[in-house]
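Take a look at the structures below.
Look for chain A in each of the two complexes below; its partner is chain B in the first and chain C in the second.
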Partner chain A sequence: MPLIKRWIEVFPVTDFISIGMLLSVVAVVSIKRMEGCLRAYVINSWLLAGLMAAFAVWLSIPHLYIAAFFTIAGKCVLIPFFLRRIMRNLKIEPGAQSSYLNTPASLIISFALVVLVYSFISAGVFVAGAARNVLKISVSIILISLFMMITRKKAVSQVMGLLFMENGLFLAGFSLTYGMPTIIELGVLFDMLMGVMILGLFLTQIKKSFVSVDLDRLTSLKG
Partner chain B sequence: MGNLQFLIMLLLSPLLQGVIKKIKALSQGRVGSGVLQPYRDLTRLFKKEMVIPDSASWVFHAAPYIAFMAVIAASMMAPVLNAGAPVFRMGDIIALIYTLALGRFFLTLAGLDAGTAFGGEGSSREATVAILVEPTMGLAIFTAAIAAGSTGIAAITKSSNILQSPANVLAFAAFFVALLAETGRVPVDNPDTHLELTMIHEGMVLEYSGRYLALLEWAHYMKQMLLFTVAIDLFFPFGVSAGGSFFALLPVIPKAGILYALKLLLLAAAVAVTESSRAKLRFFQLPSLLGGAFVLALLSIITLVMLGR
Partner chain C sequence: MFSAGLVMLAAGMLSFAAAPRKSLNYLYLLYAAAAAAAAFYAARALYTGAPAGAFSLVISPVLTMGFRGGPLQMFFLFALSVLSAFVSLYSVAYMRGSQTPRAHGVLYGLFIASMGAVFLSSDALSFLVSWEAMSLVSYFLVVSETESPGARKAGLTYATMTHVGTAFIIAAFMLAFSATGTLDFSGMAAGLAGKSVALKSAIFVLAFIGFGTKAGVVPLHIWLPRAHPAAPSNVSALMSGVMIKAGIYGIVLVCLGILGGNVAWWGVAVLVAGGLSSVLGVLYALMEHDLKRLLAYHSVENIGIILMGIGAAILFYSFGQTAFAGLALAAALYHTLNHAIFKSLLFLGAGSVANGAHTKNMEEMGGLMKRMPATGLFFLAGSVAICALPPFNGFVSEWLTFQALLLGSTMPLAYSKIIPLMGAAALALTGALAAACFVKAVGVSFLGLPRSRQAGAAKEAALPMTAAMGALAALCLLLGIAPGIVLALIKGIPFAGLSQMGIGNTGPVSIAGIVRGAALPFPIAGGFSSFWPAGIFMVLLAGSALMLVLTGAGGRKTCGPAWDCGIRELTPRMQYTATAFTKPLRIIFKTVYMPRKELRMSYRLKPFFVRGLAYHSDITPFFEKYIYEPFISLVGKAAMRTRNLQSGSLNLYLGYIMLTLIALLLIWA
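Then we have the complex of A and B:
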């Protein structure tokens, strides 16, 4: 164990993992297929769990192991399972996700968001210790997924954006506080699970009333 | 002795091409031609008679020599086994990239010179790809250069060891995509076909035959090996010796050679696997791929600035 601890200190493992998370979110901005987005989400969640485990070893906080375990169970297994089932039931075509912006423009904007976050946070906020870099990355993840929710047209990809955003929030939360109490983490996870199920119901209703999950059609409510 | 390292690239670059083709064939379940096949192709082409188009001007005759010499000049600037040789003061990484661009410029001119439709098409596509790739490659290289505090390739090689920060990993990923585009590999160009709709490099050299074609092909192989070497020098140069007297180097060089061969083999395998697992992109989708690589390179620089070395 002390060996792994030293290893985490010598190689910037936490930096590597959190950059990996940022990269998977940036990748989702450019991925058009739903299946690819879902896979990126699973990778993102594995990285989040890995980061928690690394923090747990590094700072000797045992209850982060539990949080990591529940992250894997919830975000890498259950939520993708539900989402896949929803997509299968609704017969959502797995193909191209329409967006208001083309891929290069979305990529450049998400990069601009990262630059904004990096420059503002390094100027104003004082955070020391392990969370120094992780905080910047997590805020970038939150903003990029918010951007994705704004520009994507289909309801399913907005659910994906919400999930990525929650991963970013979780990252910010546990890197700043070194682990919230386990009960809160469990509660947040359970909320997410419920959220995905409720959104699934919601999607089913949209599909039933409008035949498509394209949110542009919701404007026809105006009459 | 160190000044003659480019001979390694000059002589072994067809072998590297053969190895990539062999790995590609094996990963597709074919037997494939032998690894020495590119040498046989080159000797056959050197013996053959040349057919020169009537409309060709002096550019057509000069381009193969200029392209070949530009690649040789560029490969003199990249350390292969020993980073301490005096020749590396000749130019830095920026000089290397733009010396290569000189060869490419004359190749595109030659493609236009013969006046056929395919030559012009190939040249226009090559120029478009070059414009898209250049900023990516530049930024990826600058990430390594900022971390080392110098744009000299030998200095970067001496100062780093292996991808030791997230910034370098991102820069390497961007560089790899740029490398695929520069060497005309599958997501961008298809090196195996003369299918008129897809060809870029092959379109430009379509009018060439015999000796000239051999020179151009050889230059292409060398450029590929040179870019692999630059990737090794910038991103995982462990094992490359820092220089010293001849006798001090004697025991170090074999180890450096073996490590270099292994790293080349890994990169070749990565390229071959990418090539056989990906489909070629439509030409108008290339900006998405290369734009993605560009954002990756931008992220690598901002990561370097924000997270430190």
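Then we have the complex of A and C:
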């Protein structure tokens, strides 16, 4: 164990893992296929769980193991399962998704967002130690996934964006607090699970009422 | 005694929710008993000067709601509970025809409880919570009994105005909180003592606007003539009698209690607002032919009279004339209690008339004095009181206000001399116009021949209603001939000058007696005036007796037909109408009223054969037309413009969130 702790410090494992998370989000911006987005999300969640485990080893916080386990169970297994089932049931074609912006422009804007976050969240204002870079990365993830939600037209990709954003928030949360109480972490996970189910219901309803899951049809609801 | 009252009040509310429908009305007696207990408790605390009881409600370790009964609080609690006792008695019979007796009963109890909580709150939190409760419950009471769209609209106007007012009050308290770091009123007073006048003036302005909205100060009065007629009469009696006095209480509490009340321009502002309210209130009242709207405008007028007293008190106090300030405040508080009593009496009377004659329009009444003798008599007593005629109570307090305003001539600076004297002139004008208005109200509604079939078939009100009105009328007379009772109640309120009032219960009231003991820096020419209300009453009694003796009691009475100008018979249509009666005033004050006339002719064959004529005349509602309507249309336009933000696109909404986030990031960095 002490050896692993040394390794985590010598090779900035935490930074590597969180950068990996950031890259997986940036990848999603350029991926148009729904199946690819879902895989990226699974990778992202695995990385999040790995980061938790690394923190658990490094700082000897046992309850983070539990959180990591539930992250894997919820985000790498259950949520993808539900999403796949929803897409199958609704017969959403897994192919290309329409977006308001083309891929290069989206990538440039995500890049600009990362630069913005890095230049404006000055290190050490109130975050020190391991979480210094993690906070910037997590804010970047949140903004990029929000950006994805803005540009994509299909409701399913809004759900994806929300899931990525939640990963970013989770990252920010536990990098600042070194693990919230387990009950809160479990609660958040459960929340997400419920969220995905409810969104599934909503999507079904949208599909029923508008024949499509394109969000621009929703403007006709305006009074 | 107080807790007994509380228990009875709570029991009343609970049993309204649970009791069988038939016996619901008698539960108002429980409220009446509760109010009587509270009135007794408050009066005893005021007379004996018992130390203020206090308790706090702990909500969380950092948040408590404090309640404390100081003398000022007890005085207002006394006014509330005396009125509630009689109004509850009235409600026993009045609410018999109610559509929603259960809800009304519970809300009515909550209304009384929330007003009591407002008066007893000792910190800003409990005050605001009680204040909001009072506003919301009264809103529901206004709209609960009727399903007419007009009442709904009136309720909306009321809710809007009261929430705007509350926003100002919250702002005032927040400002005081940020300057002192405490929500407790006494802590605020101590903390603000050394602060700058600019800060205190800002708090004063916010609080005056906020409380002025509730009190009905011109131009914030527009909800009164709408909400009062829409509400059931027992509720309007409480609203006009007590709830708008919560605004007065707030002004006294904040301006004199928390802020210290020693800045001259505050006094000038309050005095001017009071003068305007009193004159404009009575002028608009004159033009109203709906009995309850007329009374609502008279509330505006009387609030103005009370505010003139408070304004004079602040003005005198800022010049160090504590004894004069005490007199002015005593006059204001006295008038507060008086107005509570006679205005609720009048509203109850209007309710009886509306129940008996099934109309609120004076032009459809007439001849009610014969058909509803008790109601008519008590309404007349209330009218005499509100016109400030001896020997009723309105006279004493208005006379004191007069004296206080005239004392302004002893002030050092020109403006501090002139403004109180102008206030006195406004008060004189108000009194005369009020008398004209009630000659109209009583004359047109109660005298003459019935102007409509339902007025002719009017029935006298039930016993609990007449008993309640009779008790209030007796109270008007009692407080008119024994002002010492009230002055002794006021004496204990901790304000410089008030404690120096040494007067017997029925002895002469003299200004010298009231301000005795204070060194007067300025010699007062002509000395002080004084009068003896009980003496006036005795003279009046003796005079009446003498008249009876001289004319021969029950002696020569000749009955014959009235002169009918040679026309066969007199019909109700020949009577002087309310509109006709006020026509001269409409001409004199046409710059204020801006009367509008319209003659519509319909023809059978134009232009020779006229089928019908329709004549329509009304006055321009100045404040609605030139202040509120432009403002409302401005808000509407701004709302239409911001509507463009609402595209209905989810992506755009998400974009707004993102822009906000990035902007926050930039600001925060």
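Just so we're on the same page, the second predicted complex is superposed on the first by the 217 of 223 C-alpha atoms of A that agree within 3 Å, B and C clash if a C-alpha of one lies under 4 Å from a C-alpha of the other, contacts with A are read in each partner's own complex, and residues count from 1 in each chain.
Quick note on the criterion: a residue touches a chain if its C-beta (ideal position, glycine included) is under 8 Å from a C-beta of that chain, and two chains touch if they have at least 3 such contacts.
Keep in mind that what you see is a predicted model, and the values were worked out from it rather than measured.
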After the match on chain A, would you call chain B and chain C a fit or a clash?
fit
Does chain B (first) or chain C (second) touch A:59, or do both, or does neither?
neither
Touching A:146, do we find chain B (first), chain C (second), both, or neither?
second
Please indicate which partner A:78 is in contact with in the superposed arrangement: first for chain B, second for chain C, both, or neither.
neither
According to the stated criteria, A:118 is in contact with first (chain B), second (chain C), both, or neither; which is it?
first
With the two complexes overlaid on chain A, check the angle at chain A between chain B and chain C, Cα centres, nearest 10°.
140
May I ask you to decide whether A:136 touches chain B, chain C, both, or neither, giving the answer as first, second, both or neither?
first
Report for A:103: first if it touches chain B alone, second if chain C alone, otherwise both or neither.
first
Output check: A:16 vs chain B and chain C. Expected answer is one of first, second, both, neither. What do you get?
first
In the overlay, answer first, second, both or neither for which of chain B and chain C A:43 touches.
neither
Look at the superposition and give the distance in whole angstrom between the closest pair of CA atoms, one from chain B and one from chain C.
16
The intersection of the chain A residues contacting chain B with those contacting chain C is 122
Residue numbers of chain C touching chain A in their complex, please.
646-651, 654-655, 657-658, 661-662, 665-666, 668-669
Per the contact definition, I'd like the list of chain B residues that touch chain A in the complex.
164-166, 169-170, 287-288, 291-292, 295-296, 298-299, 302-303, 305-307
Write out the stretch or stretches of chain A touching chain C in their complex.
100, 116-117, 120-122, 139, 142-143, 146-147, 149-153, 158, 215-216, 218-222
Where on chain A does chain B make contact in their complex?
11-12, 15-16, 19-20, 22-23, 26, 30, 103-104, 107-108, 110-111, 114-115, 118, 122, 133, 136
